[in-house]
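As structure tokens, the structure follows; a few thoughts come after it.
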Amino acid sequence: MIKFSNVSKVYKNNHIALSNVSVTINRGDFVFLVGPSGAGKSTFIKLLLREIEPTSGEIIVNNVDVQKLTRKQIPMYRRSFGIVFQDFRLLSDKTVYENIAFAMQIVEASSRDIKKRVNQMLSLVGLSNKANMYPHQLSGGEQQRVALARALANNPKLLICDEPTGNLDPETAWGIMELLNDINLSGTTILMATHAKDVVDKMKKRVIAIEKGVIVRDQQRGVYGYED
Amino acid sequence: MSEISKEVFTVMKIKTFKYFFKESISNIIKNRVMSFASITTVAAALFVLGIFMLLVANVNKMVTSVEDKVEIKAFLNDDVTTLKQNEIESEIKKIPAVKSIVFESKEDALEKFKNQLGENKDLANGLDLKNPLPASFIIKVDKVENVADTSNKIAKMEGIYKVKDGRDILDKVIRVINFIKASSLALIVILGAVGIFLISNTIRLTVYARKKEIGIMKYIGATDWFIRWPFLFEGMFLGLFGAIISILLLKFGYSYVVKVVATDVVIFSLIPAEYIINTLAWQFSIVGIVIGGLGSLISLRRFLVL
Amino acid sequence: MSEISKEVFTVMKIKTFKYFFKESISNIIKNRVMSFASITTVAAALFVLGIFMLLVANVNKMVTSVEDKVEIKAFLNDDVTTLKQNEIESEIKKIPAVKSIVFESKEDALEKFKNQLGENKDLANGLDLKNPLPASFIIKVDKVENVADTSNKIAKMEGIYKVKDGRDILDKVIRVINFIKASSLALIVILGAVGIFLISNTIRLTVYARKKEIGIMKYIGATDWFIRWPFLFEGMFLGLFGAIISILLLKFGYSYVVKVVATDVVIFSLIPAEYIINTLAWQFSIVGIVIGGLGSLISLRRFLVL
Amino acid sequence: MIKFSNVSKVYKNNHIALSNVSVTINRGDFVFLVGPSGAGKSTFIKLLLREIEPTSGEIIVNNVDVQKLTRKQIPMYRRSFGIVFQDFRLLSDKTVYENIAFAMQIVEASSRDIKKRVNQMLSLVGLSNKANMYPHQLSGGEQQRVALARALANNPKLLICDEPTGNLDPETAWGIMELLNDINLSGTTILMATHAKDVVDKMKKRVIAIEKGVIVRDQQRGVYGYED
């Protein structure tokens, strides 16, 4: 489903964020992307979204070369997965409800579907009572859950989460992880960058560890493994 | 264009269109500060432009009335018979540039002369017996530029003693008139350009302030047109509202000026308020909508290339 | 003010002041889009205002030259001696409103009359022997408003046969002149207000776009003045840069117009470019700096109340 | 040092974020503020900063009634502590170096002091090589560390951190915690809202637990205690 071949990313200031990364993620996988701060996890994800372009190498997603997408194809491509950004990226002048609905409006879902699905998502992340709040009226963890609800709204076949539990207490985080596990079992591929050692250790899923832009470990049923 | 419209119209449903519409209204309300700034900028720019256009229209009207006063005076030989006189008249009328022709008899001329003397009228008393003043035709021409040509033609006719066309001052008048017209036009063009520039500046800022939101929309898979439509509508609304405000200001302001001029100044007669305002109303609404919409789209462009 | 200055000047060190200065320049550069929008808005608004001011200044000059042409003509009785004539002249000169007085003898008057007749000059030939035209004084007055008063006074003097002051058309001329002057002033005021409004609108938007940054500064303990100073300087710079651009545009534009008018139109003589531009340069720079600075401070206010 | 007496905060939408909270934090304390997402931790901290005002109750800090501060006194008051915000709040048009220096410029420190101290702070959080980057060029964890460096720049007597390790890998997080511990030992009072169960459990410091706006536990040498 996802295939990175010798992908490198050097930022404008000559910082090498990823160097010669090759990795394959298959349909239905549940992959944790771990690594110290600044290792290149978010860079990996941004490349996948085509938010940034690689300096060299090839990225193939669903048999499509991501670099060869035209400007017009990019939105369609991005809609093919759900994304939780590390910095949430909620629309600040839309309510929680509208933020989630927006993800469905861009794919022109019917009003009825939107209404039903958004409410379902809200109760899934425990925010039904915050539907009409604006992002700045939410706590950090609540914002993070809205971002997750939005990512799930269109029932994506691939879910990409960048640190989706960083602002959540362990209990809520576990609830979310169970939810993600269920989604994974129903067939959705999940790629999740995270620092949550507990979670990674307990879930026993595939772990890809990056350090200084290089994949140092790729382990089925792995653990976090950065304890000193 | 064909490519764009294909993309737009095949994909867009009415429901989505309604959404864009509602979205644009809600954005205007949510971004009150910026909407206010844009609307008032449009209003202010068009208001000033409108003042200028009214000014120029009135100046042009006056200039035209000056042009109207330019006439050729063709004096007849004293021995011209009435028959001959009619012949000459119809010959003059044949010249395409001639707009009107009026006969002034010897008696009319004397009367006029006496009036010119005013308080010294008595001086001309002796002339009644043997009137030395010639009869003449007073001819008006369609354009000042044609005066010289026309008077040359008339001068060559039989029975014409002499032609007076004030050509010496005419040249100056034509230059002044042309200068006023050219500078009016230049001013309108400059003001229009400045206005468009100011409006698109403001709209650019309102779009700029939302560049982060635009980025987010792109990253979650919104197409360019999905992002553009609400901005397009928003720009059009802002432009329209601004235009309406400017028209109202102009309407009341100009009606007031017309009233003041009519009662206090009397000499000029200004172009009536209704006529101009009705024309301006349409022009400005269209200008507002077009600049607002285009301004939005153009400002958006740089944020969509991502 | 005293409270403010105390807070500011006791606390601020020169180093900090330098920091504010550098900070404002760096903000202008970092927020290029917005700085460009502000500077060009200031430039555009002042440019239009400047065009208007030049226009009005020239129209006023022409109006003044029309006013200058208004004169009173006081005819003398035929029996007035040279001695008496000098007496009357000095008496008229005593009237404060009188600006100049010129004597026109009976011979001068006849000569003028002949010239007025132009091609019909021969009509007056008989008059040479017994000249019926009276001698007169031609008097100019400082202000058109004083014409009526002055001519009344002169009419009452001994030896004066009659006074002609064109009062009938004078009234109209005064009204027209006053109308032109009043509307020029109104236009300048309106344009000035619109300009200030547009500029502060843009500056408000540039501040608005940084409201988040301002909040952050407050939350980590920056005083209001610490936040204000860079914005104040920034606004002043933006205003100044805009003013300079507008002055340059006006300078080149107006010099060009003056040249065109001097060679092509001739009749008017425009106010020379240097004189006006030099005055405008100062005024506009100050206006730019003040509006820019004030605009920033006022726009900031709402974000500092936190 | 900090004393909340019967403090309640009801947001405009009638959400009761804190209800009748009374708590005292003494000079030199190291306090963890824990609780589920949306419990009211950030609200507690915002009240302390006077970012928001309580609906009722009294907040005394260093013998000063926070509500009675005039507009002019507030900046001075805020400078008396260092703060790490949950959403970082870095100045986006300043570099990392300038962001940290800014905190010192507002107290009119000398250029020499600023230079020395900023560089010291940067090496302390391991970002010396990122001094000239802008926030958007940093990874999540790097931004968080810049926020911490800024909070520490003026050597505050009171340090308030809202979730300062949410975006950090366990190893880096531990480095930061050791740093905070040292600072605490040298006399600085620390109040830290966190979800990092490991950290709380291992540090054995005072733990104040909030749930739905109410303090449910206040324990010296406590543990996180939300495991299900």
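Just so it is clear, A, B, C and D label the chains in written order, and each chain counts residues from 1 on its own.
Please note the rule applied: a contact is a pair of C-beta atoms (placed from the backbone, for glycine too) under 8 Å apart; a residue touches a chain by one contact, two chains touch by 3 or more.
Chain identities (UniProt): A, D = Cell division ATP-binding protein FtsE.
Predicted model, so just to flag it, every value in this text is computed and none were measured.
Enquirer: Kindly list the shared contact partners of chain B and chain C, in label order.
Expert: none
Enquirer: Identify the chains in contact with chain A as well as chain B, in label order.
Expert: none
Enquirer: Which chain has its C-alpha centroid farthest away from the centroid of chain A?
Expert: Ranked by distance of C-alpha centres from chain A, the top chain is C.
Enquirer: Between chain B and chain D, what's the gap in Å when you average each chain's C-alpha atoms?
Expert: The mean C-alpha positions of chain B and chain D differ by 66 Å.
Enquirer: Taking each chain's centre as the mean of its CA atoms, how far is chain C from chain D in angstrom?
Expert: Distance between chain centres: 61 Å.
Enquirer: Can you give the whole-Å distance between the Cα centres of chain A and chain D?
Expert: Distance between chain centres: 28 Å.
Enquirer: Counting only residues that touch at least two other chains, what does the list for chain D look like?
Expert: none
Enquirer: Mark out which residues of chain B touch at least two other chains, giving numbers and ranges.
Expert: Touching at least two other chains: none.
Enquirer: Taking chains as nodes and touches as edges, what kind of graph is this: line, ring, star, complete or other?
Expert: Contact pattern: a closed ring, each chain touching exactly two others.
Enquirer: Which pairs of chains touch each other in this structure?
Expert: Pairwise, the chains that meet the contact rule are A-B, A-D, B-C, C-D.
Enquirer: Spell out the part of chain C that touches chain B in their complex, as residue ranges.
Expert: Against chain B, chain C makes touches at 33-34, 37, 40-41, 44-45, 47-48, 51, 113, 119-120, 122-124, 126-127, 132-133, 164, 172, 175-176, 179, 183, 187, 190-191, 194, 197-198, 201-202, 204-206, 208-209, 257, 260-261, 264-268.
Enquirer: Okay, in this complex, where on chain A does chain D touch?
Expert: So the residues of chain A in touch with chain D come to 11, 13, 34-39, 41-42, 86-87, 133, 137-142, 144-145, 162-163, 166-174, 195, 197-198, 224, 226-228.
Enquirer: Can you list the residues on chain C that touch chain D in the complex?
Expert: Within the complex, chain C touches chain D at residues 7, 11, 13, 15-16, 19, 27, 30-31, 212-213, 216-224, 226, 305-306.
Enquirer: Which residues of chain A touch chain B in the complex?
Expert: Going through chain A, the ones touching chain B are 49, 51, 71-72, 75-79, 83, 85, 89-93, 102-103, 105-108, 110-111, 150.
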